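Structure, as structure tokens:
The letters A, B and C name the chains in turn, as written, and every chain counts its residues from 1.
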Amino acid sequence: MNISAALGFLWEYRQALLIGLGNTLYFTALGLLVGLVIGFVVSVVRTAGHPLLKLVATGYVEVFRGTPMLIQLFWFFFCLPALLGVELGNVFSTILTLSLYMGAISSESFRAALKAIGTEQRDACIALGLPGRVSVPYVILPQTVMRAVPTLLSNCVTLFKESALVSTVGMADLMYQGQMIADSTARPIEILTATALIYFIIAFATTRIVTFYEQGYLARMRL
Amino acid sequence: MSSSFLNVQGLRKTFGGHLVVLDDINFEMQAGERVVVIGPSGSGKSTLLRCVMGLEKIDSGRIELEGTPYIEANANRRKDNFVDIAVRNKVGMVFQHYTLFPHLTVLGNLILAPMRARGEARASATDRAMQLLRRLGLEAKAGAFPGMLSGGQKQRVAIARALLLDPKIMLFDEVTSALDPELVTEVEGVMLELAEQKMSMMIVTHDMWFAKRIATRVIFSANGRIVEDCPPAKMFSSPSEPRTADFLKKVLHVETIS
Amino acid sequence: MGGYTWDFSAITRNWDQLMDGLAVTLQLTGICTVIGLVGGFLVCLMAMSRLAPLRWIAVAFIELFRCTPALVQIIWIFYCVPFFFGVFFDPFLMAVLALGMNITAFNAEAYRAAIQAIPSSHEDACTALGLSPLKKTVYVILPQALLMATPVLLTNTIGLLQQTSLVAIVAIADLMYQGKTLATQTYRPIEIYTAVAFIYFAFSLPLSQVVGLWERRLRSRLA
């Protein structure tokens, strides 16, 4: 295969690929934002909530971690609107699925970090007379986030990769665009390889940041 | 109501209902007293301090400070204790493992509670914090994170953090036990200085020489009860209970210290 | 809401077809689990070997498969392997190839993390006790590493079970594929997709409970 011919071919379709990448990043970012909020709330509920709420939160996490994201996607695309009797819109369904998935996986990361803070820090808060409205935002949350950041970043990578599934319900993300071009031009090798490389570069760079953060920042802080 | 400063009445504490750690503890303390609690490992010394601090749910009894009950067991044992937080906040505590907040600087650790819980202005809290740090020779460390300090420095910061809240009484639970021997004296020095200023203190320590030096009163506890309660001179020279003598003999390898 | 009338006969009538799909899903999961356990260990050994080229190949393999979406891997292999090698394998075999390499990469990383988590003092202790390098590896390092890697390996297996649903996209008749087919055939997507989700969940949940148990046991044993 001729490399420069391949690059020339790819260059022709840069626009379509970029649009796909933009959509992938857009879906991932929104799913991430909503998912992280859900994840933190769920982890706090599971650590220190009312028993009934705890049960609901645990059920949510287990179901979303225990079923393929593909089926979740199909469910939110084809079942939920019919059940509710309303049109949800494809973008909404996509982001809903990604958010709930991210919420489930990130709640586990938050929970592990919450556990790692330990009772001694809580004792210190009481001994200093810090009420919950002070200890949660100024002591517990910052330490939880700092400890959780490495796993949360890998959760982000996971979400980014899983987001490729939205192509199967016709959302025009990077994977979808790649496949469309591959099918219409009958030149899958170049385009699919390029698609894979784009995913790889972004995901790999993020995992490097994780390592850097763990070795540098966290080690210095001796958290 | 009584006239004493700290008053613990009928304090009973169990873990899980069956493991009785403190069994009907009654004890009073006057302002300015320095009570050292000694006793075998597992006898409930830490638990006693934690109860006074309000860190443990007690099974029965009540604790008063300056005549005001601030912790009281609920008649219904499933319910939470009654806790008067305003009074409890007059009690300060320092732990064996420092428990500084690792994500805040030394100064940040000191001013967090005055600013966020007591509404003091940042400038004034910082001012008082720096004064205190200067007194403890830690001025240069104000901007450092706890992870970069030695154990002795960490423990002095922890003491400063508690002192900045103007406690009426300070509780020290084995604050030198995790330190390298050469760092012990710098922390003990701070405590002796507090003693000179007539700070009321309850101290748990395994260092009998330090106990003798700082205490105005020594309590020997075993099996969840107060076995003996007397001035240090008597405790370390002629304890009246055979169990006390036995314990002292074991930890000191001699009959008495003088 | 509430207006929907459930009709579970869509599931009961087509139960056999769903079970056929489940059989394929479980076969895929089983075969790839074995590949992943063995292959992952070998790749981990390569990644930690003294020979730099071996190490590079292994690390590149691990990162490549960990940092791209599984969907991309499957599609790429389905499109490109026939092109490069000029042969059409059986689709099931291709799926095994794709998922097997994916799980191999993740398991290799799990083994490596576990081995690196063993404190270096154990190495010193072995030297002090006069154990040969081989004995040290077999009796001290490996048992501990396996113990610690087990929860991660199990979690990876749960992930694999869910990833197998991706093969539905390349028309392998697994559980997900049968679900998709039935959903369109019966016009009962809600019942079918919910049932399919339940079946996946029924297999994931016990596994994730085992993971939780194992982790608690590990913590108390190694504390």
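We take it that contacts are C-beta pairs under 8 Å (C-beta built on N, C-alpha and C of every residue); 3 or more make two chains touch, one makes a residue touch a chain.
Since the structure is predicted, the reported quantities are computational estimates derived from the model, not experimental observations.
Asks: From subunit B, what is the lowest number of touch steps before subunit C is reached?
Replies: 2
Asks: For subunit A, which other chain has the most distant CA centre?
Replies: B
Asks: State the pair with the higher C-beta contact count; candidates are A-C and A-B.
Replies: Ranking A-C and A-B by C-beta contacts puts A-C first.
Asks: Could you state the distance in Å from the CA-based centre of subunit B to that of subunit C?
Replies: One centre to the other, that is 53 Å.
Asks: Provide the C-alpha centroid distance between subunit A and subunit C, rounded to the nearest whole angstrom.
Replies: For subunit A versus subunit C, the centre distance works out to 19 Å.
Asks: With centres defined as the mean C-alpha position, give me the subunit A-subunit B separation in Å.
Replies: Roughly 46 Å, centre to centre.
Asks: Applying the document's contact rule, which stretches of subunit A touch subunit B when the two form their complex?
Replies: Going through subunit A, the ones touching subunit B are 120-121, 123-124, 126-131, 134, 138-139, 142-143, 146, 220-223.
Asks: Would you mind writing out the residues of subunit A in touch with subunit C in their complex?
Replies: Residues of subunit A touching subunit C: 62-63, 65-72, 74-75, 78-79, 82-85, 157, 161-165, 167-168, 175, 179, 182, 188-189, 192-193, 195-196, 199-200, 203-204, 207.
Asks: Going by the contact rule set out above, which residues of subunit C touch subunit A in the complex?
Replies: Interface residues on the subunit C side: 1, 3-4, 63-64, 66-73, 75-76, 79-80, 83, 158, 162-163, 165-166, 168-169, 176, 179-180, 183, 189-190, 193-194, 196-197, 200-201, 204-205, 208.
Asks: Where on subunit B is subunit A touching in the complex?
Replies: Answer in residue numbers: 50, 53-55, 85, 88-89, 91-93, 95, 97, 99-103, 112-113, 116-118, 145-147, 161-162, 165.
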